[in-house]
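Listed after this line are the structures, all set down as structure tokens.
Note that subunit A is present in both complexes that follow, paired respectively with subunit B and with subunit C.
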Partner chain A sequence: MRWIRATRRGPRRGDGAMRASLAPALLLAVAALGCHTSLSPPIPAEHGDDAPPRRGGTLRLATFKDIRGLDPAGPTEGVANQAIHAIFAGLVDFDDRGRVVPDLADRWEIAEGGRVYRFTLHEGVRMHDGEELTADDVKRSVERALHKTTPDPSASYFEGIAGYAAYAEGTAEHLDGVVVEGRYVVTFRLEEPDATFLSVLAGPTLRPVCRSAGDRYVDTWQPCGAGPFKLAPGGWRRGASLRLVRHDGYFRAGLPYLDAVEWTYNMQQLTQRFRFEAGELDFLHEISQADQTRFAGDPRWRPFGSTDADTTLYGESMNTTMPPFDNVEVRRAVAAAIDREHYRLLKPAYVTPLDQPIPPGIPGYASDDVRCRRGQRYDYAAALEHMRKAGFPYDPATGRGGWPYPIDYVVYDQGLLIYTAQLLQQELAKIGLRIELRLVSWQTFLTLQHRRGGAAMSPGNWAMDYPDPSSFFEPLFTTRAIGPESTDNTAFYSNPRFDDLVARARGELDETQREALYREAGAILCDEAPWAFTFSYHFVSERQPYVRGPLQHPVWYVDPTRTWIDRSDRLAEPPAGSESP
Partner chain B sequence: MRRLAWRLAWSVGVVWAVVSIAFAVNVLLPGDPAQMVAGPQARPADVARIREQLGLDRPPAVQYVRFWTRLVHVGPSVADPAHASCAIVLPLPVRRSALHLDFGKSFQMRQPVVDVIATRMPRTLLLAVAGVVLQLLLGVSTGVLAALRRGTWVDRLTVSVSLLGISAPTFLIALLLQVILARELRWLPLDGYGATVGDHVRCLVLPALTLGFYGAAYYTRLVRDEMRVLLDADWVRTARAKGLAPGRVATRHALRNALVPLVTAVGLDFGALMGGAIVTETVFRWPGLGELSVKAMLDRDGPVIMACVIVTSIAIVATNVVVDLVYGLLDPRVRDARGGGTR
Partner chain C sequence: MHGRAKAGVRLFSNRSARLGGAVIAALLAFALLGPFAARHGPLESDFVHGLGADGVPVGPSADFPLGADRLLRDEFARLAYAGRVSLFIAVLATLIATALGALVGIVSGWFEGARARVPWAVLAGVAGAIAALAEGRAGLAVLVIVAAGLVAVRRPSGPLLDVDGWLMRLADVLLAFPFLLLVMAIGASLDRTTAVTIFLTLGATGWLGIARVLRAKTMQVRSLGYVEASRALGQSTAWVMLKHVLPNVAGPLIVTATVLVAQMIIADSVLSYLGVGISPPTPTWGRMLFEGADDYLVAPWLVAAPAGAILLAVWGFNMLGEGLRDALDPRDA
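Presenting the complex of A and B:
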């Protein structure tokens, strides 16, 4: 509560002028000390690039976020999912290009036109408790995750499994759609054909858990799965750190290489950089723009920098039920008036300009789709023409015309979005749309944006739930996504033709035809512009040279299963529970 | 004694009022706690199920009554799964029963809030005590020195440094100390709490110094200004004329009287620090109540918010009661006035 104190004392001192002159001096001092222009040199690997992987060592990671839980069926978020993925193997997983590949299941077959998915488990898989994984464990884990008492925020993603409704309501004891057909064979029966089922299944929610988890979710359960790493005794210190150690019985022989992986939570960005330079962190994922410039400008570090896949979608969401955005020509004018390059320049290393509803890191992104280029690319003359067609012609020379009323733009206090909001304000002023920024808290923002009539215009952003166009199209733009109280379709966009295309794509198992359907659906979005699609955001990373093998992952951000440490002084393990200074 | 009892009853009323207002604000604020648990991208059906699981689908009045009836209640004196989120605070003479304290379960962490508070509060208390002790040691000593060396370079230097301390925001002092003592000189850990007692002590130094420097600057000026006035007072001149040693005059006659406003400031500061030094805890990753309460507020984690409000309001009320008592010890006039007599 120091800020309260500062406010209370401020007026009593009457030395504001001197105070004002001293604070910048101190700031300069910190800048001089903390923001060295020169970085410490990278710590070299012990062996050459062609050296084989070595076992041992601990990979140390950090984040400014915290995790809430490690149960795949409980409330989790991106940071926790990194650890959950390491602890719990799934029937299927995503490879390093985001494609679904076998994991605990050796193979699967799809029958009855996409209504039946039959998985054959890898035999002899040992869970962390030493028990063998069987089809019964899979069914038990699924029923545990989807039970009505489980606080699973993703349960409805599995509503297509036969019998889900009755099970979720509690009128059925078991989930009929999950059938054990032998010790190592389990079948999922779906109500309708679903081409996204494998992608959804590869997520964390239904990953098999040890028998100690029981049939029902409890908060006190100690995470236990079949993944390459297991929770060390006392390894999770809430709000501070997490330590996972190698699961020696992991079913992929020889993996993982690392003895342990440690995450430190709630660590400030600047502290992360200090620790990374000192070799106390091995991988830096949350880099400030200033530090990114520094790393990118240092030839010693340049080879060790990398960029995450673009899997997030940003845009300007326009409420199609509120004026003036109930007029499609106004929306088209907005989509054509925004110069995406200006957005990129705000944070060049992190922002990829976007002219369509699929980010570049998602299958289905079409860099050559000319249908979107027309509507979602900067074209000032076209924007003015759309305003004229809308009935609100605007004359840039005189500044006369346009929409006569100010438009509320609801935004929350997040660095980049505050800047893009101001850019948008300037861009739209040039076509006669006056934007008034309304800055609210994140919670208020969510409430307003998700409620009908809550916000005429607001920044839209969406991170993929799984790498597939349906992860963007269905929640953001289908009529079905609009609920009576709340919705993720913040534009309240409704188009039966679009809905039909997306529904058909979900049931279409042929990849080529499915892609064609999504392209057609995407073209409708580009033309009718419920959003003006603006950019995709990605993180940039640095790793120490001694961190070898694959580490970054398009879905899990990091996957240390095949990573190894090539640094001689790091093969000796510190005592359990210790925290590096 | 009667006055103390009345004061305690008044304090309970204040805490009740503060907690009730906090409850109302928490309910009225926009933002759906169930959405915050499920995540911004969760589907409405999943959010609705979680809302029901958390009991947030009930009317606010029902939630309010449930909160108070659950907060302090009588339960079994031994561990019971039905009372998993309770702390047993007082065994009762009635057979196998005890007074329970129950803040509920955190929406986000899904842990009993009493456990969370029990873990975090000692850390905040440690930081608050260390910070206040440093503030007093630095502030009082430099304030007295400046007052005694009035008009000299010592006085001017003290005033300048204290002004610098007051001018700098806490985060700036924190970063400066972190960069110099941890990054450059490597004497101390950059941040964290550590796993052993030795680690805790080492990790405590930087956040305590941050609070110490910031608060000491104010105390320096307070003590200096008070002492300057008091050293010119008639009774101090009389004490000097009677031949008392200068040190004795300064400590017994001037400093003791200067402590009265200082005690007020320390009391308020300590109470506020018990609510958590938010910036300091965040920069140094010190896992105390400040960081917890900010996160709870951002996540609309109602049970944690209410627990933090209760702990903070009790701490502030309690320190005010203690400050009142200390006034009596420092100033006989206050004591006499409370006793009903005048001099």
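Presenting the complex of A and C:
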């Protein structure tokens, strides 16, 4: 090249700088050309399938999300619940098929037509502080979680407990419906039969906490429970990582096998994938579509991939108290304007287009013949008609009309939602709704979305707390779920007819009748569209072969209680209880 | 030959300048004309042709010269459109930073070692502008500054201050923060980021280097004979600065500003890559780099295209800056 020859005639200032600045460019080009396109091989286990579990080692996990707290009584979400489940054992729990099974309670009896649940605790359970768990601890933990000063948006799950109203208002000092009948026997009395009570109890909120938690919620409390893992000293670095270590006094002898579990938060998907391939993460739960294709297409990795059931609901949440979504016709227009198939194309291995409020992996998902008959299907002509009825007619030919103001759409800048948000912009522009994306952090997103007037529109997604329609209907769409400070009813949707149907379904012990009531309630949601339901989502995971034993869980996503590491080099690590660097 | 003409000849005979200028001209042409040449709009998904038979976005083809991105949008159209956005932001931010840097540098260098009377109106104006900026009202801040300047001309009374000391300590404090870190912190704190907030942020934080250079140069120039003579004739300080100092420091100012454009392109790309730049769907090169990163093994062009554009732009402006330095500084030629 001419400029290279020029340098041989003698130094020129510009030429020297030119070479210097070209060097990184060339390096980058070489690196780009030379980057390998095949995956690194899996790191094998040391023993065969029938080998007994080995103790020790640290399981390393990561997510691009973050957690707000570790108190089961406080506001939580899917990511935090993974750790909360590991720290706090419940009276009952979900097994690996989502069924309610005994945990801290050895057994339970149901009496008085479903109004009384009597639990007998396992004797000799040691909490993380060394104290023995008794029925008093259960009652204290329940009262702490349901006290009016506790900012738990899912308290509405527990309104059926006798005396809840008086206790929540502060007129009663104790919750009458929770009765200690002996050192190891505690009874829950309900106002009405509740088909969901055991499932709700298996959730995080009412899990027993140590006496150090006191009688009232304070957000500075150090988490302490009776679960298989406990918080390592200084183990939670907010916004960065969490380290749990084995609770040696765990009541199930010999468990857990791991010395520790570590989560790294706010780690980008691409970083996770590289660290997983390098053996620095043991389990990959947030995989891009491109990487999923590569893992699935590699015979070395194929045996270590798994697909969960569709249990997460996605939609576009419209705040029914803010314009223009206080107009039901605008919401109907949005629901009809979205072509769900376009969403699927973004991540085909993960996304199932959805036209109803229940994901396919949940009992109550309606088959073809009974699903929403109106509302939640792509119908462009109908969407334009709804805009006309709303008073904002839009002419696609001229681009005139529609809602005259831009609409804020609050979203965080990670994962799938930032792409669905841009698709939504395109779809709604065709009916005269201008969406402006407002990118915020995960924490800010949660704050804005859950606060009245915080977000006119935002992506809604909800992972089940337990496998039942009520796990979606009650927190997301009932009036009583709207708390004064925070709510999961991000649409602030309120419909007495819907509330009544959901309440009746909850008390209905006959499965057929329950299903019919939920179907009717679902039809209201389809029609009035507080959300435009868009798709359900199933996780696809990869694990290194040396990660043995059960790990994925249908409710908690991961449950490391019986997971073990089959690599000697990974077992020779710092002892449990040591702080992470 | 006249000095400026000589500089022009030296500039055109300089290989770095020619190459840098050509690269920048090519990028500008691509940014301006590319969207017209593309068959798709930069913000439109093509759900029919953008998807390949294997269910993934199509690669480079006649219809999609640089393939389709994850949202099945034309990468070529987006790259060109992003060029407009990224170059527009970089140039405007540089203009702001240059103006601020020149003002601070010349004033600071001129008053070095002496105390100067600062009109109360100017002090009030600066305080008001800072308050307006804190509220995110950049337009109001500019109005306040202009109004304060007009008032100061009529009412020049105020305290005697070590202007150079105050300005340079301010620069020291800001220089203590890494530029990109400072810009990211401001970007993250903004409630909503647009092209305007981005170039204002970059401009408001990018003037420090220029101020330092021009301060030193002004200290040399102020002792020259014709400057002394101009002062002796009773011309106002502002006039002397504008008429005699500014033209004499224009050379280093132009060189530094040209190189600063390259820094602004990088800064804008970093902001966009980290998600505190302009909100999607408006494309920027940094944002495209971020969006392509997930798929870089199966669709490397989604990363290579914006990375190449950033590389070329930065390289081009650096080369042009080098050439300008040679051309405007005849002693080293």
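Rule of thumb we're sticking to: the second predicted complex is superposed on the first by the 331 of 581 C-alpha atoms of A that agree within 3 Å, B and C clash if a C-alpha of one lies under 4 Å from a C-alpha of the other, contacts with A are read in each partner's own complex, and residues count from 1 in each chain.
Rule of thumb we're sticking to: a contact is a pair of C-beta atoms (placed from the backbone, for glycine too) under 8 Å apart; a residue touches a chain by one contact, two chains touch by 3 or more.
Since the model is a prediction, treat every value here as computed from it, not as a measurement.
When the two complexes are overlaid on their common chain A, residue A:E508 makes contact with neither subunit B nor subunit C.
Contacts of A:L270 after superposition: both subunit B and subunit C are touched.
Judged by the touch definition given at the top, the superposed model places A:D308 against neither subunit B nor subunit C.
Counting residues of subunit A touched by each partner, subunit B versus subunit C, the larger count belongs to B. Of the two partner chains, subunit B is the only one that A:G483 touches; subunit C does not reach it.
Where the contact sets of subunit A with subunit B and with subunit C meet, they give residues 3, 6, 13, 15, 18, 22, 270, 441. Those residues of subunit A that touch subunit C in the complex are listed here as 3, 6, 12-15, 17-18, 21-22, 25, 28, 32, 35, 37, 269-270, 288-291, 293-294, 342, 345-346, 348, 413, 418-419, 421-423, 425-426, 436-439, 441. Of all residues in subunit C, only 14-17, 19, 43-45, 47, 51, 55-56, 70-72, 188, 191-193, 275-276, 279-281, 293-300, 303-304, 307, 311, 315, 318-319, 322-323, 325-326, 332 touch subunit A in the complex they form.
Only residues 1-6, 9, 13, 15, 18-20, 22-23, 26-27, 29-30, 33-34, 66, 68-69, 74-75, 77, 148-149, 151-157, 159, 168, 219, 237-240, 264, 266-268, 270-271, 274-275, 441-444, 446-448, 450, 462-463, 465, 475, 481, 483, 485-488, 577-579, 581 of subunit A touch subunit B when the two sit together in their complex.
Partner subunit A is touched in their complex by these residues of subunit B: 29-32, 35-47, 49-50, 53, 105, 108-111, 163-164, 166-170, 172, 175-176, 178-180, 182-184, 188-196, 199, 202, 211, 214, 218, 221, 268-269, 272-273, 275-280, 282-283, 285, 287, 290-292, 295, 298, 300, 312.
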